[in-house]
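Only one structure is covered here, and it is reproduced in the block below.
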Amino acid sequence: MSDDLSHLTQLGRTTPLPASPEAAVLERVANPSPGRAYLVRFTCPEFTSLCPLTGQPDFAHIVLDYVPRDWIVESKSLKLYLASFRNEGAFHEACTMRIAERLVALLDPVWLRIGAYWYPRGGMPIDVFWQTGAPPDGVWVPPQDVPGYRGRG
Amino acid sequence: MSDDLSHLTQLGRTTPLPASPEAAVLERVANPSPGRAYLVRFTCPEFTSLCPLTGQPDFAHIVLDYVPRDWIVESKSLKLYLASFRNEGAFHEACTMRIAERLVALLDPVWLRIGAYWYPRGGMPIDVFWQTGAPPDGVWVPPQDVPGYRGRG
Amino acid sequence: MSDDLSHLTQLGRTTPLPASPEAAVLERVANPSPGRAYLVRFTCPEFTSLCPLTGQPDFAHIVLDYVPRDWIVESKSLKLYLASFRNEGAFHEACTMRIAERLVALLDPVWLRIGAYWYPRGGMPIDVFWQTGAPPDGVWVPPQDVPGYRGRG
Amino acid sequence: MSDDLSHLTQLGRTTPLPASPEAAVLERVANPSPGRAYLVRFTCPEFTSLCPLTGQPDFAHIVLDYVPRDWIVESKSLKLYLASFRNEGAFHEACTMRIAERLVALLDPVWLRIGAYWYPRGGMPIDVFWQTGAPPDGVWVPPQDVPGYRGRG
Amino acid sequence: MSDDLSHLTQLGRTTPLPASPEAAVLERVANPSPGRAYLVRFTCPEFTSLCPLTGQPDFAHIVLDYVPRDWIVESKSLKLYLASFRNEGAFHEACTMRIAERLVALLDPVWLRIGAYWYPRGGMPIDVFWQTGAPPDGVWVPPQDVPGYRGRG
Amino acid sequence: MSDDLSHLTQLGRTTPLPASPEAAVLERVANPSPGRAYLVRFTCPEFTSLCPLTGQPDFAHIVLDYVPRDWIVESKSLKLYLASFRNEGAFHEACTMRIAERLVALLDPVWLRIGAYWYPRGGMPIDVFWQTGAPPDGVWVPPQDVPGYRGRG
Amino acid sequence: MSDDLSHLTQLGRTTPLPASPEAAVLERVANPSPGRAYLVRFTCPEFTSLCPLTGQPDFAHIVLDYVPRDWIVESKSLKLYLASFRNEGAFHEACTMRIAERLVALLDPVWLRIGAYWYPRGGMPIDVFWQTGAPPDGVWVPPQDVPGYRGRG
Amino acid sequence: MSDDLSHLTQLGRTTPLPASPEAAVLERVANPSPGRAYLVRFTCPEFTSLCPLTGQPDFAHIVLDYVPRDWIVESKSLKLYLASFRNEGAFHEACTMRIAERLVALLDPVWLRIGAYWYPRGGMPIDVFWQTGAPPDGVWVPPQDVPGYRGRG
Amino acid sequence: MSDDLSHLTQLGRTTPLPASPEAAVLERVANPSPGRAYLVRFTCPEFTSLCPLTGQPDFAHIVLDYVPRDWIVESKSLKLYLASFRNEGAFHEACTMRIAERLVALLDPVWLRIGAYWYPRGGMPIDVFWQTGAPPDGVWVPPQDVPGYRGRG
Amino acid sequence: MSDDLSHLTQLGRTTPLPASPEAAVLERVANPSPGRAYLVRFTCPEFTSLCPLTGQPDFAHIVLDYVPRDWIVESKSLKLYLASFRNEGAFHEACTMRIAERLVALLDPVWLRIGAYWYPRGGMPIDVFWQTGAPPDGVWVPPQDVPGYRGRG
């Protein structure tokens, strides 16, 4: 499999945190099971960005599901890409869609969805859910099952 | 994005609690991803109104889901709108539907639903669930998963 | 709304516990949103009746869901109706169906279902689930999600 | 063991529900391990009485812990005694203490406690906790761990 | 028991929401078990006040535990007293202590504690815990066990 | 209803544990609501049999769902039937199917399913799920929601 | 370690289920860390015996904690010993104490306790808790934390 | 049933851990209910392999569901097969698919799916979900309901 | 209370994220209940810093408890102080202690403790717990009850 | 801090899995807060060893708590040390104590404890709990709160 990975620039190396999403290098490798409609789920409970108005930190729990076509995302580069939002100002909806759209552009997946569960501000959290369309027939897509926000008590 | 927000009267300013739902100014901004059928969920565990018969406080946990068309709701104005029921007498069913209908009128969304989970009175809570119709095809609508009431034990 | 409520005999008054389900006066009021297919859920964790064979108390957690047509049930009368089973001997299945059928007769709802989760006797609880038919299209019917019985441990 | 049980009037027989706590016959049998400071816990999630002011039903989840001295309570008679409150008007605090005191009088236990977890009325449940004194040294008394009330959400 | 209750002004009557904590009439009745060191717990998941700086609503889940001496609090008046903070501006710490101190003044209890679990603002909730001193010997004081705040995920 | 029950041999009598499933008398009574497609669920967390190879005890949590046609199972006889596997050697899959098939033969139900959740052996539990076919249209079939096995931690 | 185990009759062999607790051979091996006051916990969610009055099966979840002195119990023999109650008639309290006392006799432990959490009969489960005395100083004894019974809902 | 099992090489014998998945002998037996479309679920919370890049251990919780055609997998051989990955270097996606494909080859099932829930590395766990196609009509396939990863808090 | 707050530089103003913990201005106000030994708990599920070796983000859920003497911490400045670690390289133990020590220096509290629950790295999370000494007598200190890490399954 | 770490052989380098616990190099660094009695908790849900009798894999969830004196354990070396049991045959009790004793020898901590929660074998899991003595005064030692085993249901 080393042939497949030789073009990668970050895997197996110490890589600094990218300064911005634009600076992040999101990489892909060939789908090891190209004929199988399987689903890959990444769970990222460590997402943070900045509020574009106030510069204060925002936090989110993000779950990404996709069915690969020819490519799968290289997971270390995905981690660094998500971490690159650390100093980026971005609204919840725009930030969520931007992550999804970049992955769609990179991977041209059979199907993809993102669930972004933002920490509450002003007492009310916002969740954003998007998918590229109805899940393809015959693919198994378990619920993400992130608990709702309930305040206290 | 400041152009889009210049018409707003409350965002980024200290805004007093509106005296009633009628007095509340519910505002909207242009949908940043108008061609994407994504779902936005607001969770409000801090809803309170008054019983129209007794004047005693009522409480509810409210979850709002909608798929925007041209507009999204401005979240601070939504927060103030929901808070404006604080001194409003309203029955559970009517109160729930009124919130949903005002949002439908403001946003003309592709789809909207409301789940209102009222605190028990007389030992029995009432939940009210409404949606504008079946969810549109291909949109991802996760369950709200608010736990049922169980009394004690 | 007082006009709508003037025919009611129990709301806002001290009402004794009805001696039996037959003696209970189950009342209805006009559906405040007659054109909207919304669902109303009542959760009653305080149901009790008697075993018709032994006279020993039985207990159940009951959840009622319905989509109103022209009428909604008046909640205090529903509470009293359910409480009126307190001294009634009734088998689990018959008791559950009887409650549902009386509500159907009173309300002529678009759709109704009942979930009755009886406390275990002899180590095995019985649950009874009935609905008037498949849920109508486009109506949002969340799961009742009452946890299963698990014994100890 | 039949000798020990010959004085019992209810065990192994069909016994009607006692009409009141006074009418209930609470029975005891000799402690089978009189030299051992063990704790017996009864959990009763099926307790119900009436509100002495309104006659409406009240419900509670009750947990009884005791360390027997010479006697243990016969469990069927305890079940019937608790069920005998079904048509009894009693305030929460008084009702709870009355149960505990009758058991103390019957059993003269080394130690006893009662936790009564009442279903909410008016939005606020009341719990009542009483023990005859600090638990005796060297006796194992696990927490009752009944979850707190949390409203909705 | 009617003699004991004759001085009460709110129990069994329709009582409007007091305009402020000062206007609220917090009442007491004689302790029905004056020689017993039992604990009474009130759980109030429906507390709300206003932020004294911004006028925005604050919410809290409050649990009150006390061991009565000569008096117990009349529960309807307690409910109305807590509800009277609805339009009161008060900081979290001050508000919490004020409730506790008023109860101490009214009841002169053997012991009292308050746990106030405030909904998050700015991403961080504040909890306030106070008791009049170490719990008296031999009294059973179960943990309040209100879950911690966890954000999302 | 006594007419319907006069043919029963076990209900209301002291009945010894049957020596084997063959010896168990599984009884039925007329469906009290023959025109209603309701679902009856029995939860049995107390199932045990023997391993046919080693004679060691096996345990399972079993949930039975069925929609009756002309008959419902008499619950005491069901309890005894399930208990009759106590000294029976049976493989997990065969044991599960055997229970289901006997009930199908007895009741000729509209629909039936069985979920058998076996305790782990060798670190891996086996679950067996069977239904007589797709659930009939318009019948409400809640999920069984038995938690998966998770080992420790 | 084989020397220590050579006297064992069951470990590593196919052993039939003992016909009764008396017939069961409960074995011990030398404590491998005789100078260390550590606690060993066995959790047995698969305990079953018979009701001595009716012959019906009883079930319990049992947790055993002990601090060994010179011996530890051989776990396969413990498993067989517990399984040997399968056809034994025994009351809850007596059965629980009998298990504990046999282990005390076999092991002469520094300390031992048993928690027996019986499945409900007649709506009320019984738990039995016993320890040989206060836990020895400096030994770590985590709570058993078996959830209480809660009925349904 | 011994005839059916006579070809097996591992069941009922002490079998060493296979050195690799290739060395593992995965065995099958005739489907005992060949005409029934039932589902068998294996839950394996004890899966471990090695990272092919670093040689460090990886862990996963794996759930396998399948509907047998002519064969069922012999469970001890499945356990050994899964355990044989202990010293195998394998990427998450490839490892998951390899297990599923070997079972498909062995069993030619009506339908099969695998859910592999890998422990987090670098803060983000990967889940892999694959099924051979849409579940066959009329077969009951409960959700696997493995909780999502949530970090801390 | 405005007098007490006049020295504050951040409360009620838009304040940028401090560039480092040193740059953060942690402020205090006079204890409003100086004679009361109450406990204040701050829960911060939004803590993040950088790994000093790799520069990769670290995350933690932090809970701070303290009993004030003359001062309480101003909560907005605490929020900004915790947020100022965003670009700070710090080991888990050192980072945790540094936060605690700065608060001790600022507040000279009667008592303080910190619980830092770090997200797992390399499969194992680290928690750090420190308090200034045994809790003072008579103060109520509820457990923090942050769930342990459990991997998957 | 690099001076303190210069003697380390594994941190920041690619390190192969040690072949055995003896081969593993467990390293320590100077306690960064030597005068503070803080507690460090490591949670390892990824422990595995081999059964010394059968060679089959065993699994455990292990939690280590200690109060450092002059040294803290270097976490990567601890991870490798725990991973080195992968091919080691060891009984549950011996394996648990061996880990604890090696850490005591390395660190000479003020206090240390280990909780080892082994996956069930034969239906019963074993937990082993050991600490070096009573926790030192004034140190905060939260419970480990690993859930008990409950079988199924």
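So that you can tell them apart, the chains are marked A, B, C, D, E, F, G, H, I and J in the order they are listed, and the count of residues begins at 1 in each.
As a convention for this text, a residue touches a chain if its C-beta (ideal position, glycine included) is under 8 Å from a C-beta of that chain, and two chains touch if they have at least 3 such contacts.
Molecules present, by chain and UniProt name: A, B, C, D, E, F, G, H, I, J = NADPH-dependent 7-cyano-7-deazaguanine reductase.
Since the model is a prediction, treat every value here as computed from it, not as a measurement.
Where the sister copies chain D and chain E meet, the same residue numbers recur on both sides for under half of the interface positions.
Across the two candidate interfaces, E-I and C-G, the one carrying more C-beta contacts is E-I. Once the centre of each chain is set as its mean CA position, chain B and chain I turn out to be 34 Å apart. For the pair chain A and chain G, the distance between mean C-alpha positions equals 50 Å.
Per-chain Cα centroids separate chain F from chain G by 30 Å. The multi-chain contact residues of chain J, meaning those touching 2 or more other chains, are 45-46, 59, 61, 119-120, 122-123, 125, 143-146, 148-151, 153. Applying the touch criterion to all chain pairs gives A-B, A-D, A-E, A-H, A-I, B-C, B-D, B-E, B-G, C-D, C-F, C-G, C-J, D-E, D-G, E-H, E-I, F-G, F-H, F-I, F-J, G-J, H-I, H-J, I-J.
Chain G contributes residues 14, 16-17, 45-46, 48, 50, 54-57, 59, 83, 86-87, 119 to its touches with chain F in the complex. Note for the complex: chain B touches chain D at residues 45, 59-61, 117-121, 123, 125, 146, 149, 151-153.
Chain H contributes residues 1, 12, 32-33, 36-46, 61, 63, 72, 75-76, 78-79, 137-146 to its touches with chain F in the complex. Residues of chain B touching chain C in their complex: 52-53, 91, 93-94, 96-97, 113, 115, 120, 122-131, 133-134, 143-145, 147-151. On the side of chain D, the complex with chain A involves touching residues 150-151, 153.
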